[in-house]
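Everything below concerns the one structure shown next.
Per-chain residue numbering starts at 1, and chain names A, B and C are given in the order in which the chains are listed.
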Amino acid sequence: MMILIPTWDTFLQAVANGLTLGSLYALVAIGYTMVYGILRLINFAHGDIFMMSMYFAFYMISIFYLPWYVAFLIVIVATGLLGILIERAAYKPLREAPRISLLISSIGVSFLLENFAVVAFSGIQRQYPSIPFFQNVISLGSVRVQRLSIFVPIIMAVLVVGLLFLVNYTKTGMAMRAASRDFETAKVMGININRVISMTFLIGSVLAAVGAMMWGMKYPQIQPYVGVMPGLKCFIAAVIGGIGNIKGAVIGALILGMLEILITLFFPGLSGYKDAIAFIALIVILLVRPTGLLGEKQAEKV
Amino acid sequence: MNQLENRNAYMGLAGRMSKKRRRNVTLTIVFLMLLGAFIYCASKGFVLGTYEIRILRLCGVYSIAALSMNLVNGFTGQFSLGQAGFMAMGAYVTSLLIIPAAQKAAIYYVHPIVPWLKDVQIPFLFALLIGGLVSALCAFLIGFPVLRLRGDYLAIATLGFSEIIRIILTNAIPVTNGSLGLKNIPNTANLWWTTIVTAVVIIFLLRMMKTSYGRAFKAIRDDDIAAEAMGISLFKHKMIAFVIGGFLAGISGGLLGSVVGAITPNYFRFTLAYEILLIVVLGGMGSITGSVIGACIVTIAKEKLRFLDAGMNLGFVKIPPIDGMRMLVFSLLLMIIILFYRRGLFGSREFSWNGLFRIIRRIGAWFGRLFRRRGHPEGGADA
Amino acid sequence: MSVLKTENATMRFGGVVAVENLNLQLEKGEIVAIIGPNGAGKTTAFNMITGVYTPTEGKIFVAAKEDEETLIDITGRRPDRITSLGIARTFQNIRLFGQMTVLENVLLASHLRLKSKFFGAVIGWPHYHKEEKQMRIHAMELLERVGLAEFWDEQATSLPYGKQRRLEIARALATEPSILLLDEPAAGMNPKETLELTEFVRNIRDEFQLSILLIEHHMQIVMDISDRIYVLDFGKTIASGTPAEIQANERVIDAYLGVADDD
């Protein structure tokens, strides 16, 4: 196999790309990890919520000609509502059902959203609008990057710090942590579980919306299945970091983003198999450290 | 019940001499003979056209795929979504082994085929078995790291595997012909083939679920912690179910290739696995009968609902063709079943002649009551 | 001669120490009870012995079935391996297989002794039929023994609570254990069943040559049945000895027995 030795500048460029991709993954991975933490559910629909966000943004900007900041605000609200709606309609009725039913329901929602997108937005690939404010190229020393590459990690960091504050220092956050520790006890302690779960879906969807809007600027081809691969990879990122752990999801996502970019940099021959890297990483982490990097062993009630 | 009968019952011997049993055996033989006669007539072109026969062949293919998923998801309680990948494996391996050398040159017109595959051609049965075995091997390799952990990760790992298979099939052009796919696959898998293979798979699974191993699968599904405490090796039994599931999916893929005649990597998207999941959930997780009947319903409906995609002319209003409408209907159906009819058509029950007679009697009684309720006052007038 | 021994077995979850330095010994043919208030770490001790948890520190040994002089280190082995070495258990919150019949529940527990391979069983070799037949006879004998034979074809979870407890014991016996771990066998039983329990446990010990370790809150049963008692409190072993010694032990009375009377 050919190993390509890159120049220093290409390498720095790749690191910047990896950081951006990792930050985008992080925004989506948080939604997976929070929902898994509370409901023990792999929310298969999360990747498709991400996809819907991109279409929302596409329609707001390219079809309705709204300025991007107005459009983004609407997309965030719409996606948040979509997340809550999905939880209410498809997961809440199954609270007492076996867990496998919940999993099937989330696959059902995913399938439904994808097919809905095919019918409503057509299966033809669309071009995400370009937004000069984010996409202008700037020079950092000898490295030239889009502004986006600097904005994305900063936006991600700000949102994650905000989220960690919310989870660790507010009453809602405390209720969330309690619910993810022990669902039943939290209920007995008078925590409004339904509210906590809605809140979780709201936060997860909003972060996914932010991720999706910026994803579109970096990878502008959108089609109804565009959320599937990023979705699977972000779940894997959450597993790598330790499922249920927000910081873990961010770290896992950054590692995964970096790995993907750097491996294809050094081994250009493998670029066709780029999407396989995440799954190999999953298998490795499951063999070496099944609880993930930051995860701790949880005692199963026997 | 006398003592001997009771003993026969708990020993699992179904009272060989009983009248009911003799009746059921007769009914089964009659049914199989009718089925054979039907297939014979169909294959001679008496009853059905090639289009209908093709649908019936697909019913068999999807039955096997659904049974393979049901074995892992319904009987053992693990959650595998890799069916599309395993089917792709089976389809490509089988097809490459049965396409004649002359055809291969024509198919690989952009990029020539690798020399070691050029002249290979073996009988269909062996090709099918090899396809199944290759899929089973893949299942073993994925299962090894993943099955030791909780079931959820299996869903992601298998779905990922299935997408990777698709990526490999698209990229390994000298072997697979890339995104152009394979065509002119010999049409060997006729209605006899699909029906007999389906029947063999059904018999295999029915027998398996009655053995001690079948009980172990069910126990793992019911309560894995208790099963492990009773000495059941979770890893070993999950692995057996998963590898056999992979084998069966590979077989169904091999048949599929031969039935449809042309395959491309995109045929085996993960959405194929979702369709099979719909079949399993519709029929009932944990029911062999359910999977077969679900497969027939979904396969036939998929053909009959083609008009949804094609658009309609209702006379006064014209509905334009909408691509994907059919699949939207199917995904809605999946949601409705899982939210409102979680047990599906059969739950975890199986077909039996006794059950059928019970249902017939019940319907008879219901009609009887209906008749009496209505008939009574009129009857009174008559008298 | 010990059949089961733990050496400083300790279990930590994060910062919480559930069991600390447990040194427990079970002699052949003994009935030993573990008592202590809720959350004292009794079930955690069971889970360490049966392999559900791997002890954070310490070791656990069990006497080999064929040669009782040799102790086998079972620390951190998988639960199913430990069961096949002869330790069987019941659960505090009954864990029967709900979608299986009473008979199937017991049959399942003989699966680990099955010698036929998978394909042999599915194809139906005569050897498998022979084994299946023996399993069924054995299972019915066990059901007969616990008085559940007439319910063999009913769904396991449809039985009343007390019968479900006895079914769990029959199921555990079907694994052919030499050591039986009973987690609160009297919980949920009616007074009559509770009274019969002492006799029943003694009888199965003699009949199946078992050594029995049990967790129980019902003090009358514990005092009647046990040869020796271990008392746990916040994960620490605060006392051990014969029932008479325990009843006289002031630390135990302070920590536990005095309170238990209010229950």
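Throughout what follows, a residue touches a chain if its C-beta (ideal position, glycine included) is under 8 Å from a C-beta of that chain, and two chains touch if they have at least 3 such contacts.
Bear in mind the structure is a predicted one, so any value in this text is a computation, not a measurement.
Once CA atoms are averaged chain by chain and compared with the all-protein CA average, the nearest chain turns out to be B. Of all chains, C has its CA centroid at the greatest distance from the CA centroid of chain B. If you average the Cα atoms of chain B and of chain C, the two centres end up 42 Å apart.
Chain centres here are Cα means. That of chain A falls 46 Å from that of chain C.
If each chain is reduced to the centroid of its CA atoms, chain A and chain B end up 34 Å from each other.
Along chain B, residues 225 each make contact with two or more other chains.
Among all residues of chain C, those that touch two or more other chains are 52, 91. Shared interface positions of chain A, i.e. residues touching 2 or more other chains, are given as 300, 302.
Put simply, chain B touches chain C in their complex at residues 9-12, 204, 207-208, 211-213, 215-216, 218-219, 221-223, 225-234, 240, 348. Put simply, chain B touches chain A in their complex at residues 73, 77, 79, 81, 142, 145-146, 148-149, 151-153, 155-157, 159-161, 163-164, 167-168, 170-171, 225, 269-271, 274, 277, 281, 285, 322-325, 327-328, 330-332, 334-335, 338-339, 342. Contacts from chain A toward chain B in the complex involve residues 40, 42, 44, 90, 93-94, 97, 100-101, 103-105, 107-112, 114-116, 118-119, 122-123, 225, 228-229, 232, 235-236, 239, 272-273, 275-276, 278-279, 282-283, 286-287, 290, 300, 302.
Chain contact summary for the complex, chain C toward chain B: residues 50, 52, 78-81, 83-84, 88-89, 91, 95-100, 103-104, 107-112, 114, 116, 118, 121-124, 128, 131-133, 135-137, 140, 152-153, 171-172, 174-175.
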